[in-house]
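Shared between the two complexes below is chain A, which has chain B as its partner in the first and chain C in the second.
Moving on, here comes the complex of A and B:
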């Protein structure tokens, strides 16, 4: 078990390293650099050179990369050129915003999807399972891009909820500010959570239906164990594996989805920062965003690996 | 089974709409009516003010508030509809002055319904082309990995697993934004198709590899090899055909993902350039919140996407829900 988790931890470290390095390389390969994007084509050659020298863009890729890597090892991720601030100052706030959104959505989706999946999976007939199933298939066809558009439209029409942004921000979480944050969070988090909850519901439903058909469930029922106990205790333990095993991939799905949601609801997360950085060819900021995103991924895969090893010890072998 | 049939009908409707866009759409994708910016849909009527019955006709829009772009139906005279004329299934009698706007007009005064059909063309062809690219790439990688085994298998599958873990949207975004930002529509199409194919291929290659590995041990594959068939023949003629069912399902799941990816990229300005109608560029035109609160018909590309994705999901329903992305 420990060896397995250690191996997965090494993979997580490699993920962060590879993703941030690759993004640095990609931006270097791109046509144009920060100097051409910020100064425009009318700038004098001398000014261009000066800007390049200022940010170390005139060096070879190997030199630039080596320098960046050496400093990144000390948690100094360079300076954003567009914002003229250290990357390490810019990222945490935005990353925290994305994390708030993604974690809320993940919790909501799990809390809704899994119990509903147990209900539909353990009961073949009836009005409730049929309704849940229909809603689920509908939501499954609405990726976060669509749910956020529809929810923002709903918010704009009713005026019940703010249309975008995140209010005061995560910095001061006291009383009124917290309420404000929650009000701003509802639309983006719901937009992100709805398709995910539908996916969890479908998966859990299938797994539950399969488990219910197993001999041990029949045996428990035959021994006289009450049905609710069989379903919510015995069968559930065995049926949790499929959903747990996709949690690792769900983090990627969440980040993809939260990009669309952040764009539409103007949630100030990593998505917008990354997009602006990419467009401005702001090399170090791109690498910083990629590093932050991959830390989320790594944490997500690690947690899901640990959860899977807990739910199904065979996975660790 | 019922759901599956509904799904086929929904998808077929869009395919027919996209193929026949030139006839079904009353206007071209770039026709614009300067006096009708953000005009609401012109609903076809069959009874006039006096209660008399007519062949379907529409009322002219009269601008009542320039600033808020509010319109009122001019109920004095109806504009009759013309059927099957000039290569169009239906159009207004007075195309230039009071056009038929089934889903209203956008901020440039262009017919949303026509653009929706032409946009379906762009979005569908792009995602189908990308799905085929993903199939070729993923099939080749998975086939080689599964057949060769050993180090090749390890390397190719590690690379595939790595890409699968990454958030697909960010990979596509990064790949797109390192290319020149302003490009010709045709080049954008090819580049987006390649990018989507690369991001989608690992999902196919993983499954293809597993199938090729297990099928390779079966008698028929061994028999073919012992009859003297070369590696490529065994792989191409005997093993890869066994993956057809899997690939068909997987492609049906990739197409919606690609449609949404195109829409997201176009929404943030990295997709198709302006005059081109795609569902993504249409959503971009609606991206200002006030616009779609006041002019809800601008959201119709989102509804269109939902209908198409629902159709595709219903077709593959209960096959492999775990691969939703």
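Moving on, here comes the complex of A and C:
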């Protein structure tokens, strides 16, 4: 098991290195650079060149990459041009915000999706399972971008919730900073959690339906064990494997890919930072964001593999 | 605001958010009133011009202090010019503080007097000084001496270390979320009744990157103002909010900026191209101008909130727009005949680059394509990412034509020389020509040189009207329509003096107030 995890860890390290290097290369290859973005269409050529020299954009890619690599080995990921701050300071700050959002969304999706999946998987007929299935399929077909737009619109129309940001701006918020944060979390977390809960529900439902038909479940039922106990204790344990196997991956994807929701709801997370960095052709920041995203993805995959290996030792072989 | 500022140092950045921070926290020697376009005394209370028109002696306002309490003197003015011209800091302000490519010289006579000397006669005079915020020498002199001014006042700088002469001071910056500005207790301006300005105690600038979310926040009362104008598509929903009494919606009229189409007129750009015989001809551009129904263009592209225009100066620029400039008639048949005269029997086809993601540019390029198709001209529209488009243009790479809208920075043509002069960096159709490529560009250069040097406003207007006529005759850039500018604010905001130039509402932040007893917005 340890050897397996070590192998996965080394692969994760390689993934982070490859993704950040590739993103640096791709941003350099893309037309335009930070100088054209920040100075615009009417800048004088001399000013443009001066700006390029100031940010080291006049160097070849090999020089720039070598310099970046040497510093990255010492955990110095360069300085963001668009924000004029060290990338190593910006990333943890925004990653923490993304983590708050992602963990909340994951918690909500799990708390909703798994029980609903058990209900629809264990009861094939009836109004309640039919309603849950319909809602799930509808939510699954809606990307988080649309869900967040809808929720922002809902919040604007009702005035019940703040439309964006993380809160803390108003001095007279009743209930303190935590309540303010929770109020600001509702819209973005719901936008992320709703399709995710639907996915968990569908997966759990299918797994539960298959497990319900297993001989051990039939035997328990025949022995007179109450149905609720059979479903919620016996069958659930066996039916959790499909969700467990993708859970880590979902964590990684959530942490690295919630940029659409962050943009719409003004959540100052890593996804929004990455998008801003790409627009500004901020090479070092793009590389830093890509590295952070791949760390999350690798950590999620690693977590997923470890969980799977724990549940099913054959997976580690 | 849609993006956070790139820096707190206006010397090094020119993005709209950094500019807004500067407007709120800094002051200039003179201010161009964005609503009237008149020059107003600001830190300088009066000035006199020497007989040769080169030297301005400016008297500074006494008893003025920076937000940290340090007194403001002529040394700060001299320092600010030195900072803007410092080549090591690659200041973005340097180009806008030059006349004929040469720097102004500034000397302090006494603590309340400076002499600004121009390298050549300059018609707009001290108007150019509106481009320079005054920086505190006591805070930044060491950075200038060490050549590290470009790294000063970054987003990492604690707000308490910043000092300015503007109406507000930055009190808090939460990355990615908001900037909070509070009243500067040392601000020097008073209102007509002698009361201290600014009226507001606090401004919270919320960072909302998505424009749809920003409009929803405005319509629902969660924010009071936006830093930019509304898009045409926002008008209908905001109109409903206005009718419900939640918003004031201000129609500022036709804007200064119009979309334009220009061809690559660089000599020999099409030397090896079979289209060389017609693609750079005046007749092609004239035919395109005749083929587009500008009324239809304005209605479609700006959803009814636009007006036809025929040149780079729109009727909004009352001082410099010339009504005598000939207007190209809508004449598709004439356009077709012109095309046939320059490219008989040939397929006239070109690629039009535009910026992806800007809805009015995407709609405009589609209308141009459809209108030209009617006269047999095939247009391949290629929307590009903004950065890629600019790079394609400034690098001198091959392109056929571009459709774009550059924002106006000043209404006085003498302050946008890079557009008019053939050597200018904003001379879109052929940037930075070593010498005028055509006789008419030489004529414009000569007229503009005279226009800039003249101190007689009537003469300057006459000369510029001639420039506009030559431009209309050759149409190196073809203009179709300019959008009307709409801005919105919550009903509790008062004393707004909207202006057509950006930032439309926040250019005079010291006068803005909120109605007494009005409920607070969330932000």
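Keep this in mind: the second predicted complex is superposed on the first by the 291 of 317 C-alpha atoms of A that agree within 3 Å, B and C clash if a C-alpha of one lies under 4 Å from a C-alpha of the other, contacts with A are read in each partner's own complex, and residues count from 1 in each chain.
Criterion: a contact is a pair of C-beta atoms (placed from the backbone, for glycine too) under 8 Å apart; a residue touches a chain by one contact, two chains touch by 3 or more.
Quick caveat, the model's predicted, so the values are computed rather than measured.
K.L.:
Following the superposition defined at the top, how do chain B and chain C come out on chain A, clash or fit?
P.N.:
clash
K.L.:
For A:188, select first, second, both or neither according to whether it touches chain B, chain C, the two together, or no partner.
P.N.:
Once the two structures are laid over each other on A, A:188 reaches no partner at all.
K.L.:
Between chain B (first) and chain C (second), which does A:206 come into contact with in this model arrangement: first, second, both, or neither?
P.N.:
first
K.L.:
Touching A:249, do we find chain B (first), chain C (second), both, or neither?
P.N.:
So A:249 only meets chain B here.
K.L.:
Examine A:50 and indicate which partner it touches, taking first as chain B and second as chain C; both and neither are also allowed.
P.N.:
A:50 sits against chain C, while chain B stays out of touch.
K.L.:
A:117 in the overlay: touching chain B, chain C, both, or neither? Say first, second, both or neither.
P.N.:
Neither chain B nor chain C is touched by A:117.
K.L.:
Output check: A:15 vs chain B and chain C. Expected answer is one of first, second, both, neither. What do you get?
P.N.:
first
K.L.:
Tell me which partner A:42 touches in the superposition: chain B (first), chain C (second), both or neither.
P.N.:
In the superposition, A:42 touches chain C alone.
K.L.:
After lining up the shared chain so the two structures overlap, which partner does A:146 touch, if you call chain B first and chain C second: first, second, both or neither?
P.N.:
first
K.L.:
First (chain B), second (chain C), both or neither: which does A:157 touch?
P.N.:
both
K.L.:
Among 61-69, 205-213 or 223-231, indicate the stretch of chain B whose C-alpha atoms run into chain C.
P.N.:
61-69
K.L.:
Report, in rising order, the residues of chain A that make contact with chain B in one complex and with chain C in the other.
P.N.:
30-32, 149, 152-153, 156-157, 163-164, 263-264, 279
K.L.:
Across the complex, what residues on chain B touch chain A?
P.N.:
The touching residues are 3, 162, 164-170, 173-175, 177-181, 256-257, 260, 263-264, 267-268, 283, 287, 289-290, 292-293, 296, 299, 302, 305-306, 309-310, 313-314, 317, 321-322, 324-325.
K.L.:
Okay, in this complex, where on chain C does chain A touch?
P.N.:
Of all residues in chain C, those touching chain A are 3-4, 6-7, 13-15, 87, 90, 92, 94-95, 150-151, 154-156, 174-178, 180, 204, 206-210, 212-213, 216-217, 219-222, 384-388, 390-394, 404, 406, 418-419, 425-426, 428, 432, 520, 522-523.
K.L.:
Please give the residue numbers of chain A that touch chain C in the complex, ascending.
P.N.:
Against chain C, the touching part of chain A is residues 30-33, 36-45, 47-48, 50-51, 53-54, 82-85, 89-90, 93-94, 97, 149, 152-153, 155-157, 159, 162-166, 168-170, 172, 263-266, 268-269, 272-273, 276, 279, 281.
K.L.:
Residue numbers of chain A touching chain B in their complex, please.
P.N.:
Touch residues, chain A against chain B: 15, 18-19, 23, 26-27, 29-32, 137-138, 140-143, 145-146, 149-150, 152-153, 156-157, 163-164, 195, 199, 202-203, 206, 242, 246, 248-249, 251-257, 259-260, 263-264, 274-275, 278-279, 286, 290, 293, 297, 301.
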